[in-house]
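We just call them A, B, C and D in the order they show up, numbering each chain from 1.
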């Protein structure tokens, strides 16, 4: 069927890490019909997982009753994801730089950084009613944050 | 993590048959963590696919803009699925029996029958605002509609 | 779904592989049977050995294929059905109507 | 994640298999490294060859393992990194901090 590939899928999941796999399964299935190389989908998946992790952990405090709302909108040109929690928000500009020498050996603080690297654009939106909504966008085929896996030197 | 396995996942998808695979992927991933035999999950998947097909085709007239709302609730004891469309409903009691001799060679009319066979219970609910909501329930481990694949005689 | 066509002892065998489900294998199956009939096939054998899944839509297409072929005086037979496919046909009592054979040799022999 | 432990030339090698991601492999990795250290391991080599995926949580655990082992005067080294795993470490400039070797022989030799 040569219809345009354009899909919007919404998912609502409880705040348990196992549920990340459900969203990953939907992403994989959604991308499967597109002529994307596997690596591109892989990196988007990592970014999405980081967003889900933060929503579940920092936003919803891992309360399985508290839902994370996910929206995946995909067409031939790219992907537009939002992940929303019911937490009390935070100040993204205050997040420490994981590349600062003092932070390099910290065990945390790389999630948002990876999201930015693996997507073209990420935006935070804090509703009046509380909660954090992060939007992740990426054009397919765009160079974006290509990851070069050269052997280290 | 020995927490109780109890999950409710909501999905909202456009009325395109490809989207059935997304829901199937979520079902598979949800059941993967349970000690269910593969066949049991397979038959539930077929019932779910029939419900989605009907919602997309008969309910939403395959309009990709019209959404089907799916809710999967799973715990150790069983699964409870609802599939809701925006159609104008129908009379389930008026649906022809696919086993009637005159219907045996019809090319349609087996979907609801399969749902009933593969689940313990299915119920229809027609909201005041229109639309059809079908609820599919099955206890795990219950004999239910076991399918015996003996060779034919 | 992938469908390969071959001939054996005057019968047309369609080797089906994948899912016969709505929007996917159902259409492919219909087109393959219609094309075989248009090519002059009279007796058609469907090799179901590699059919992973079938839904009511796929079952509908099997019935349609059966009717198409039978109405033209030919025979449509199925062989090597996986348990899950057979189960779906049994429940709707189609095993009593469709001709189902154990394996390819039996299916070919049944036409002799 | 599956983790097997073995010894070679005085080093403890942990063969990791699967995903080092939140709620799953991250905890397993931490426990395996802690158990090895408790068993007296000084130098630990992590065989990453069969790590399919890693997220920031898994990266955090690698850093934690590095710190744990280094603080006790030992060495923690990684070898056989798949491109995707290496990519994630490069982006956060951890390749400059963690000791990453091409393969097992090189990793073992690096401890000599």
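To be clear about the criterion, a contact is a pair of C-beta atoms (placed from the backbone, for glycine too) under 8 Å apart; a residue touches a chain by one contact, two chains touch by 3 or more.
This structure is a prediction, so every number in the text was calculated from the model and none was measured.
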Far-end chain from chain C, centres as C-alpha averages: D
For chain A paired with chain D, centre-to-centre distance based on mean C-alpha positions, whole Å: 26
Geometric centre distance via CA averages, chain D-chain B, whole Å: 45
Rounded Å distance, chain A centre to chain B centre (Cα mean): 30
Chain B: positions in contact with at least two other chains: 16, 18
Multi-partner residues of chain D (at least 2 other chains): 23
Touching chain combinations (by label order): A-B, A-D, B-C
Residues of chain D that touch chain A when the two form their complex: 21-24, 53, 55-57, 59-61, 63-64, 66-67, 83-84, 86-88, 90-95, 97, 100, 102
Chain B residues within the chain C interface of the complex: 16-18, 20, 39, 42, 46, 49-50, 53, 57, 98-99, 104-108, 110-111, 113-114, 117, 145, 147-152
In the complex with chain A, residue positions of chain B that touch it: 3, 6-14, 16, 18-19, 21-22, 25-26, 28-30, 33, 64
